[in-house]
Amino acid sequence: MFGFKGRSKVTMIKNPIKWPNGARCAVVFTWDMDADSIIHLAHPNDADTRLSTTSMLRYGPQIGVPRIIDLCNELGVKHTFFVPGWCAEQHPQAIELMVKNGHEVAMHGYLHEYPNLLTREQEMFWTKKGTDAITKITGKAPVGYRAPWYRYSKHSTDILAQLGFTWDTSLMGDDNPYLIRQAGGELIELPSRWQLDDWPQFVHNHDLDFMMPIASPQCAMDVYMAEFYAMYEHGGIWLNCFHPFCSGQVARLMMVKQMMLKMLEKGDVWIATGEQVANYVREQVTAGKYVPRVDDLPFYEGRLPELAENYAPGN
Amino acid sequence: MFGFKGRSKVTMIKNPIKWPNGARCAVVFTWDMDADSIIHLAHPNDADTRLSTTSMLRYGPQIGVPRIIDLCNELGVKHTFFVPGWCAEQHPQAIELMVKNGHEVAMHGYLHEYPNLLTREQEMFWTKKGTDAITKITGKAPVGYRAPWYRYSKHSTDILAQLGFTWDTSLMGDDNPYLIRQAGGELIELPSRWQLDDWPQFVHNHDLDFMMPIASPQCAMDVYMAEFYAMYEHGGIWLNCFHPFCSGQVARLMMVKQMMLKMLEKGDVWIATGEQVANYVREQVTAGKYVPRVDDLPFYEGRLPELAENYAPGN
Amino acid sequence: MFGFKGRSKVTMIKNPIKWPNGARCAVVFTWDMDADSIIHLAHPNDADTRLSTTSMLRYGPQIGVPRIIDLCNELGVKHTFFVPGWCAEQHPQAIELMVKNGHEVAMHGYLHEYPNLLTREQEMFWTKKGTDAITKITGKAPVGYRAPWYRYSKHSTDILAQLGFTWDTSLMGDDNPYLIRQAGGELIELPSRWQLDDWPQFVHNHDLDFMMPIASPQCAMDVYMAEFYAMYEHGGIWLNCFHPFCSGQVARLMMVKQMMLKMLEKGDVWIATGEQVANYVREQVTAGKYVPRVDDLPFYEGRLPELAENYAPGN
Amino acid sequence: MFGFKGRSKVTMIKNPIKWPNGARCAVVFTWDMDADSIIHLAHPNDADTRLSTTSMLRYGPQIGVPRIIDLCNELGVKHTFFVPGWCAEQHPQAIELMVKNGHEVAMHGYLHEYPNLLTREQEMFWTKKGTDAITKITGKAPVGYRAPWYRYSKHSTDILAQLGFTWDTSLMGDDNPYLIRQAGGELIELPSRWQLDDWPQFVHNHDLDFMMPIASPQCAMDVYMAEFYAMYEHGGIWLNCFHPFCSGQVARLMMVKQMMLKMLEKGDVWIATGEQVANYVREQVTAGKYVPRVDDLPFYEGRLPELAENYAPGN
């Protein structure tokens, strides 16, 4: 649990972790390379008839990923890529590019299925299948995880801990890294935030039933950088969730480049992969230098007793 | 009823109240600390499987509220927190923090149930249960109320008056405080406005079926401050409805801080709790110094007679 | 029909009308004073349980209209108010204020029912009922019309012409005034545009199933004024559709004031009521000084023959 | 397949085509002149009762197209118009204007029907019917195609190649022109992007079930020009999808004019029709000077084998 003692009056982040080399905050750029898995999941019976959206989504592994990696090389930073196992199998060259250039390849299900709609057995089956697919191509078992569509389940912590994962970024409970714990084990949580996702800013597509008005890169950057300036001012972690088919497009990747340049310019910002940050947090915890907040999962089992069946409806 | 006599040609607010100490307008910052009650209400049977959204919502009492209170202490202002009784029971430490620091704890149902979907008996039951939960933790019966999702019912005025409440902020009928009256009693209404809510600017969440494009804090502040400058210019009351899980996040609370600083800078703005404002209004009314507009509730009983069953459909 | 001869190379408006006194364009501010008719129409069976939205909507006639009229007096301009007959009956004092101050009171149905969902007989019944209600209060039969929700029907032209109406603003077929013609008569059409409506910018309300992100007054003004600058540059008519419950709120009416001031500043803009503009257009047409485009209505009768029953579905 | 060799470190576009005369990028302005076909398709049985939306849509061929063509003449550029065959039959004067002024008239179905909901036979029938309608009016068989609502089908490539088409712009798989290939033939693909469409910025209409918040022309231009500056910086093709009923309105066409002026100012931008660009690409490919990426279509046949019937649901 976080404490109230000893913190500075001016910081908005309680219990800040001391980042390495005097960095004021940590930054983790993450990309969900879903490719066209999501159109199959959304429309399993006629995804094959939706060619335009499929082409838009395959842009991710085919055009977006190599371009993102070039940019990372140019700026000398490492990113984290979440990849559903099936997408890795379909686009091994994109994964190899990630590996060869030193980026983290992390897990994102097998076919972008939603864990919280699965039984524990189903989730274990698909999580293992996705993990195996990644491991086979990268030669290294993934240790980081984001649940597809952030739909982390009541069993995910147990399953992930059992499979050797060390960190997750599906939850949104803090600005600091924290611990999530269940009977079967525990993970470092590097929390996500919807305002650091690129779908609400940019995605407009009827096949995906997601119809945002589409922001300019400049307007979207204002949203993302407001979060950065907040973390820079007050500590904490900035961890985004972008998608190669979307923010891997030229105009938007130019925005990403601008963002990275602004962050690098500061000089005291730690840009690293999720794995690197999670490892650092674990070391700090183990060494007793950081006492993180802990969330014991799951939060609930079944319907709230207060919500008796005859309770007034909510909608 | 408001009159047309004696008002200045330049003000847009008719029948302005004379605020204390020459203040040009009143400002009440209010927060609805719903915690995760709303996910249980929206999805009673599988809320337990929606961990990410639950974690996002629990951020409110766990991270947001202490941070908001720190900020209030830093700036020396008092806010009003609307809390469903169940949320108070689940997060008593957050409530204690509010009380200890002199903020108002007001009522927001028991489990965020919607009063206008309840019978009078059900609404009395849950309103009383919520009120008791708050009272038990704060040691003081709440006197202020906002209906969950603004869904004030035809019975709410009677029930609230009977339970000792003095003010409400669920309605949107004016820019000035006014009176709402029913057979069973009357309340001071400090009106809300949708444009002072943070959901339309910031909330994007599929579990909550609420998918806004997510504004930058700067763009949202333009909306909120336009309302402030309007009230500052013309009198009236600025009363917002923010949520700790949302605007209690660092980047947005920095926006709230900026807003408060801009208001404080003016020197002639009265920032107070809803209770303080309601008490002041009541005194002015009792002393005959302010003749407020009165809305007799409910507005209607049953279907409009003009809308006979065979009336043409509206959609 | 519009011709291509003789027009200036630089104007984007073909066949521009010559506005009076050398004005470069005409401006008609219109307000739909729907009051709470729309909540009854949307939810006939439980509108009485939706008090917050009802209070928000009644703000229109009670607070918005007097304020708008004060502003018009301050700036010396006349506006046009579309009022459903039932709303006039419910709020006669608002209508009397319009009349006393020289504004146009025009027709907007009886209970905001949608004409294009009615039979010809039903539409005649409700249109007549609405017209009678207005006439009774204003002492003058209305001559202008906007269909509720712009839902003009195949019978509206005939019915309106028969009842003595001279102009309409439910259609969107041009930038210039034009004629709409049917067997039973013809009307001057002063076209509307969705981008000059205030709902897409400002309305967010679950009871009305209309959930926009809510723009700042400044951002909305950019949309409205871009249309004005376009009309000022190229001729044509700027005719908006605002709502007293919405843009009659202080912050937004300050925006309206700014807009009017910017227009008045130009010196060569004709701000008038719809009736005045329609009368002028009719005179020009009668005098042979303006040959307007004509739309013969209705555009279609029944399903397109090309769309045979076995035609491929569109969705 | 695109290669990694020889490309500049600084460009984000791999395998850039060498545009003529040293141009840094190609720009193709395209307009979908759907007229009111889409309201008939959306509501085949009562489209005739939706007059306001019909008038809004007919503004496209009647007002928008002549104005767009005037603007093109003023600036000396040629655009591409996609026209459903039925719309050409209904509005031959608009088509003749396009032809007379040297613009490309390309194919967009017969009644805006969605190819991916048709059988191969149905699609052939309607595509041929649409093509014949265009040819009859223009005197030249169209060679370019955009599927209505981008809904390109698994059979489209075969059908289009068989009917003599040479290029398409329904897909979104790249920033460069590329090839799409099927058993029956191949086409040059000049890819579209949702962010270059005007519906997400401007369209708000209940009859069309499309309710965007409506951006100002300036805000929308920021989205469109960010894409242009990206292509100008890195190569590739900027190809938009605007609609005469929407961006043919004065305020928006003034935006289009500004955009074209900014592009023309550069001096090294190639603004051309889709046909001209596709021909150039074909020549470069034939001459071995450009090795384009190739997408073999369709991407899939039937349900993914991995998505067994008992696979966990995605929603």
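To keep things simple, chains are lettered A, B, C and D as they appear, and every chain counts its residues starting from 1.
By our rule, contacts are C-beta pairs under 8 Å (C-beta built on N, C-alpha and C of every residue); 3 or more make two chains touch, one makes a residue touch a chain.
Just so we're clear, the structure is a prediction, and the values are computed from it rather than from any experiment.
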{"item": "Angular offset of subunit B relative to subunit C [C-alpha, multiple of 5 degrees]", "value": "90"}
{"item": "Interface residue identity across copies subunit A, subunit D - same or different by half", "value": "different"}
{"item": "Intercentroid distance (Cα basis), subunit D paired with subunit A, Å", "value": "34"}
{"item": "Between subunit C and subunit A, distance of the C-alpha-averaged centres to the nearest whole Å", "value": "48"}
{"item": "Multi-partner residues of subunit A (each touching 2 or more other chains)", "value": "117, 212-213, 215, 219"}
{"item": "Chain contact graph, described as a line, ring, star, complete graph or other shape", "value": "ring"}
{"item": "Which chain pairs touch, all of them", "value": "A-B, A-D, B-C, C-D"}
{"item": "In the complex with subunit A, residue positions of subunit B that touch it", "value": "36, 40-42, 44-45, 47-56, 58-59, 62-63, 66-67, 70-71, 74, 86, 110-114, 117-118, 122, 126, 202, 204-206, 211-219, 249-251, 253-254"}
{"item": "Interfacial residue positions of subunit B with respect to subunit C in the complex", "value": "4, 9-10, 12-14, 116-117, 147, 149-154, 156, 170-175, 191-195, 197, 200-201, 210, 212-213, 215, 219, 222-223, 226-227, 229-231, 233-234, 236, 293, 295, 297-304, 306-307, 311-315"}
